[in-house]
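The data blocks that follow each hold one structure.
Look at the two complexes coming up: subunit A is in both, with subunit B in one and subunit C in the other.
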Partner chain A sequence: MADTKVAQMKEKVVKEPSLMTGAVPAKDWWDVEAVFKSGNYCYPAKASMVAYHNKNLPGLFGEPREWDPESDNWNLPENWQEILLNGLKERLDKFRSLKIFMDCCVRCGACADKCHFFLGTGDPKNMPVLRAELLRSVYRNDFTLAGKLLGKMAGARPMTFKVLKEWFMYFYQCTECRRCSVFCPYGIDTAEITMMARELLHLVGVGTNWILEPAANSNRTGNHLGLQPHTFKENAEFLLDDIEEATGVRLNSLNFNRKGAEILFVIPSADVFAEPGIFTFMGYLLLFEHIGLDYTISTYASEGGNFGSFTHNSLMKKLNGKIYAEAKRLGVKWILGGECGHMWRVLHQYMDTMNGPADFLQVPVSPITGTRFDNATATKMIHISEFTADLIHHNKLKLDKSRNDHRIVTFHDSCNPARGMGLIEEPRHILKSVCNNFYEMPENTIRENTFCCGSGTGLNTGEIMDLRMRAGLPRANAVRHVADRHGVNMLSCVCAIDRATLLALNQYWNPEVEVCGVSELLGNALIMEGEKERETDLRFAPLAGMEG
Partner chain B sequence: MLVQEMLIENKGEILDAWVDQVLATYAKDGARSFKKEQNQFANPVGYAVKSSLWQVYALLFESDTLEGLVPALQQLVKIRAVQEFLPSQAVSMAYKLKEVGKDFYRQEKLEDHAGWLAFEEKADILAYTLFDLYMASREQLHKTRLEEYRRGNNLLAEGGCCPSRSLKGNNVEIQSNIL
Partner chain C sequence: MRIMSPLIAVLALVLVALVTAQVPGGQALLGIILPYLAFALFLGGVVYRVQHWAKSPVPFRIPTTCGQANSLPWIKQNKLDCPSTKAGVIGRMLLEVLLFRSLFRNTKAEIYEGPKLVYGSSKFLWLFALLFHYCFLVIILRHLRLFMDPIPGFVAALEFGDGFFQIGLPVFYQTDAIFLGALAFLFLRRVLLTNIRYISLPADYFPLFLISGIAITGILMRYFLRVDVVAIKQLTHGLATFSPAITGQIGSIFFVHIFLVCALLIYLPFSKLMHMAGVFMSPTRNMMNNSRMVRHINPWNDPKIKPHSYASYEDEFREFMVGADIPVEKELPAQPAEEEVAKAVE
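And then the complex of A and B:
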């Protein structure tokens, strides 16, 4: 005779998520509620941070308050739905791209399995098409005739608290990496849909602290940690001692806020205070000394990374504006940018529209090779990899590749430089010129098809480490492959967030693989005038043959 | 027919059913996608489930040694340890193997009690191994979180009661050793 209790339990597990089998309820996607629990959401912004931003940009960040995503009461303003719908209307009128993206998706599914969040979680709402549908369904309900008349039948649904929770859950499980856009036959840029959704969420005070606090710091002191000018300068100068110890050369060219310099150099600020970014910074300085570049670094525009771009276009514009303001104040001719990710999305795609025209600057011309970078005619700003690759192409650098022989290197195309500005061949040209051991990851995981680190757009925070590990799985999986096949032990990249987050990603998935910037490997290989016999690299690891 | 013979003769079908059951722990649309895509880089979860279970099956029922069981399971368990599963769900693969085995045992109308006990014993070994690997993965994740905290918050991590003080290579310890 069948055991009644077991029969009852089996019945139960078919219908509910189960301790016994882990079965997932088979419901329509919009009947499945977003459930916040410790570990799957970023901490909400502190009231003080919201108040700070509201002072500068009134009305864009909601009422300062304490709230808990796990609670059913987020202390929202009474008219929060009205605020959101008005906000959506304003954006539909203002941004033609948003209107098109809302209308033109034919749900072909080409994007469905291209998102690293989907590939790591299997959650259908992480399919880009469905993530966009979270916003699109509300758009249909209130802004299209079909939606107004047919409601649910036309894929429309009203803005409810349940929908708001989904927005906060899934628009913070998108790193705006744009991989899905590569596969969309209509070129729908899901990153811009996420940007709009996050703007709307901020309007009703739903934002995260790991984004709003760095954005506040960047606004106040110029960089995301809030380092004041003298600290920023001291941190950078401190690295000169390390360079001297590793190379025997004391660099003299590092300078700050110098009026009349030819070039303003803007970096992600992590490069002056956090490992392994500091080694990348040492590489920049060695290069500039090597070629005698006339440059300066601003302590006021000391953050290339733009945390504003994860919140609202006005804050993005405000933070980005510092770069041109400093270029003008210092009287430089053009701007050189360091290895950073979303900084380049903002610079390449929005800076000219937001804060241009930079008619007080000149089209960048390399003072060493004479190459004119016409691709930067509008922004007057080029990437350090473009600049370096051009120097190498013209044989202007003395290099000893063997100094990277202790590294077996692969390259992670950082999403924003690769897909946001087409920077694909330049870093590879550098790597092949400074390393003897370079191996590519599989073709469908690099270049335009690159997989995100899983922690961009302000998601690189410790409270969601599980989420970051599953989002970064597709990238880590490809790294695992070259580590197994070729013994790769160094993952290089051109992004500061990558340098921070790939470190954690590798520690979990591929503990034997370290992370570095491309310029660090360049710094190892550069033969400096007056240098000592090099025994270690810039991070004091012994060179090949010097291990004893 | 003996259980061992059944396991060899029906290998493909049993593995298909086992893989399906494990994939069924994901949402329906996710499972469909994980099942369909064959490229290991375009589908790391589906590939890990399939390749891992095939390797494990061969080790349990076609090999004289269980050496290689841990490497065969490692990536799959690491994946499930960071997905939104309860611990029991994350390591449920062994129990699913038993369920599938039971279905085939009934279907083939076998009466090999000793063979069934041997099968169960192997599934139990799998369960123990999965549990150990799951805990090791969670421990690794914990260390990853602490290391990141220490990298970003040197002063706090080293001065106070932060658990990252217990990590190897703590600067305070290094300093006190030097002094």
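And then the complex of A and C:
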């Protein structure tokens, strides 16, 4: 739990002097130093983790070493500035986005109050424009004529240790949610800038353990927690018992690494082992049983979520590569993906480019409705919400909405499906079909304007709880609004990180509101063949009218 | 400091022009040589910068989707904010470039006791930015009358529309006043809004002062100070036809005006003002959201980066997999225990 009690936090976010509360900062931003103290940074990566990744992708993660952010000596390589500047040059040559985003900002300030980290902390450097200036100032100094001639007058700064500290602090206070990019008149996307900056930081060995360890686990065992194949399978099968207890039906269709299945189903692995993701997983399984889907789950490619995408495009590619490799080995026709945010950013915008072409697969066709998913003709991978929405549209599911009557539901658009994919109506169509009480949060906080959970991109670690509760405030506040107004008690979403982080966020800000995946509510509503009279939902909460 | 130094810089430019206009040959330098030089640097600089950007590839298809994507046929796509076709992208870009679509979304966040975050509509930046840019455009187009003979019909029409109210003599142009008003707004919000003041750099004030200088000298020339309009027209026509000549007493204010314009032209390619070209090349706006339909090619994609192979995965966990009834490619080697038993039997 967070260090600061919620009552105090409620005061602090409104009253403590910050740019959000109208206080004028005493110093220019380039004169304010980043100070690391316990609670405001993620723990550095262990040397063994850095060594593991360096073995697979030489040179991208720096020298394995122990270091302490609070110290003034980070044991950096002697030529660290040179490494960073060369790295920046390389990225300017590789990414047009970076050049454009470095050159075009006019500092109009439209992005300033769009960032959840800024809204929750009031820290000037959490305004997307200033976060980008941390990198831009160095870019100007070494790569532009104006910067070389005019120096500070042109907003240029040499790459110093002070700047490096700012990078580590503020590029790990950005969740790559892209909200600022919606409002920017030139579409400048801080997610892109943060990705570049994190790649650079990794080059000199500055990275966090909460990202590099799960990434190493994903690489080796297939899932980020490092579950070995038999444990992964056991965990999943254990949920069959729970399903049986709740519904009276023993599912037979769950299987692993089966060659010749029609569909490979890839999930964010947290859905197999962590509440409330496991209830979402039960929903998937009930759906597949309900329609008799010929699918398999791979223990080798058991992680759709991509921790590599929080570090370096090469590691993103390496981890993502397993999905196509496994689809090919198993000989499936197409791939179905579970509910996950960053996973879908990678699947939608990067996978085919990085690891395609998937010419050994077929364009996804729903075996139940015959719908051909023409929006995935190249990647051959569709989202479970697309698949389910199509089933519901064609009346292929037997549903009893009233089984979610004990829930008053709202929907959190996860950043990446909303702003990196455009998956907005499909989950809503499902929700409206499986529950009677559905209310939207305010317009400025949903769809493309949605607010991040505050802990994406590998920031959902316990050591920065206060920060996370602040960064999640805009989302929590919108939930508060519908909880007060409509009695909302269930926040649904299509993201595994959300299911973990919104849980903590709500326990802090809105303790009466629970968190679920959309497929969990679907699972509650599905009328299964041979089922018993349902008294509870999948998490064993009594249904409406069954409370006695 | 952030405000004063760019202001001093612009005032210094004014002073340089005033002095140079008085020295022999100075007027030719300001009125003939410098305009050609500035125009060449402007064109060359813009072309260079655009080419410089274009040299870097766009490795990934990363549009920011601001609405429902192309999905199932019965789900209505937002074709302008989340385009999946070329026509859609052109529509999105036109909205962005001509109407500042993204700025139109602007809101203002405030936090109240509770805590309660409120996002109010905030269209002033959009409105004044739009006014500023369109007035600038009209003013530039109006200036074509100085360079073209005969004056094109649309220029005459613009002038007529701009001076529609027929106030004063010479006729007062509304754009002049709106332009100054918009500039004042853009300046004042930089100074008065705490967070905007905090992010502003000298490079943000300098173009505001420079463009204000151009506008003010232009207005002074047209409405208040006497200049020899015939001589100016002769010079500008001459510039356009590559036969420039300075005749008569043009008046120093004209040389200040043209000097500041030249400074702007030279400054532009090396500054944030390049956003006028950059907006067209922004990958989050100018790409189709069709990355699952059409494979986007990354020219530096490294085929050598392979996933941790299934074979090595199975090698590491085969025993557990077999034990858990997970299918494997290679069976476990015969049990050593059995081998020993077999040997013993022999």
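Here, the second predicted complex is superposed on the first by the 523 of 548 C-alpha atoms of A that agree within 3 Å, B and C clash if a C-alpha of one lies under 4 Å from a C-alpha of the other, contacts with A are read in each partner's own complex, and residues count from 1 in each chain.
By definition in this document, a contact is a pair of C-beta atoms (placed from the backbone, for glycine too) under 8 Å apart; a residue touches a chain by one contact, two chains touch by 3 or more.
As the structure is a prediction and not an experimental result, all values here were calculated from the model.
Enquirer: Quick one: subunit B and subunit C on subunit A, clash or fit?
Expert: After superposition on subunit A, subunit B vs subunit C: clash.
Enquirer: With the two complexes superposed on chain A, say which partner A:466 touches: subunit B (first), subunit C (second), both, or neither.
Expert: First partner only, subunit B.
Enquirer: Which of the two, subunit B or subunit C, is in touch with more residues of subunit A?
Expert: C
Enquirer: Considering only the touch criterion stated at the top, classify A:477 as touching first (subunit B), second (subunit C), both, or neither.
Expert: Both partners, subunit B and subunit C.
Enquirer: After superposition on the shared chain, which partner residues are touched by A:186: those of subunit B (first), subunit C (second), both, or neither?
Expert: Only subunit C; A:186 stays clear of subunit B.
Enquirer: Determine, under the contact definition given at the top, whether A:444 touches first (subunit B), second (subunit C), both, or neither.
Expert: Both subunit B and subunit C are touched by A:444.
Enquirer: If we overlay the two complexes on their shared chain A, which of subunit B and subunit C does A:230 touch? Say first, second, both or neither.
Expert: second
Enquirer: When you line up both complexes on chain A, which piece of subunit C, out of 44-52, 116-124, 152-160 or 314-322, runs into subunit B?
Expert: Given the superposition on chain A, subunit C and subunit B clash at 116-124.
Enquirer: Shared contact residues on subunit A, subunit B side and subunit C side combined as an intersection?
Expert: Subunit A residues touching both partners: 19-22, 24, 29, 112-113, 119, 124, 127, 442, 444-445, 473-474, 477-478.
Enquirer: Any idea which subunit A residues touch subunit C in the complex?
Expert: For this pair, the touching residues of subunit A are 10, 13-14, 19-22, 24-25, 29, 56-57, 92-101, 103-110, 112-114, 119, 124, 127, 129-130, 133, 144-146, 153-155, 178, 181-189, 192, 219-222, 228-230, 233-234, 256-259, 299-300, 313-314, 317-322, 325-326, 329, 348-350, 352-354, 356-357, 371, 373-379, 381, 386, 389-390, 393, 418-426, 429, 442, 444-445, 447-449, 473-474, 477-478.
Enquirer: Tell me, which parts of subunit A touch subunit B in their complex?
Expert: 19-24, 26, 29, 40, 112-113, 118-124, 127, 274-275, 442, 444-445, 462, 465-467, 469-470, 473-474, 477-478, 480-481, 500, 503-504, 507-509, 511
Enquirer: Within their complex, state which residues of subunit C touch subunit A.
Expert: Result: residues 5, 49, 52-62, 64-72, 74-76, 78, 81-82, 84, 96, 100, 102-103, 105-109, 111-117, 119, 125, 129, 193-196, 198-204, 270-275, 278-279, 281-285, 289, 291-298, 300-302, 305-310, 313-314, 316-317, 320-321, 323-324, 326-327 of subunit C touch subunit A.
Enquirer: Under the touch definition given earlier, write down the residues of subunit B that touch subunit A in their complex.
Expert: 24-31, 33-34, 37, 39-45, 75, 78-79, 82-86, 88-90, 92, 96, 140-141, 143-145, 147-149, 151-152
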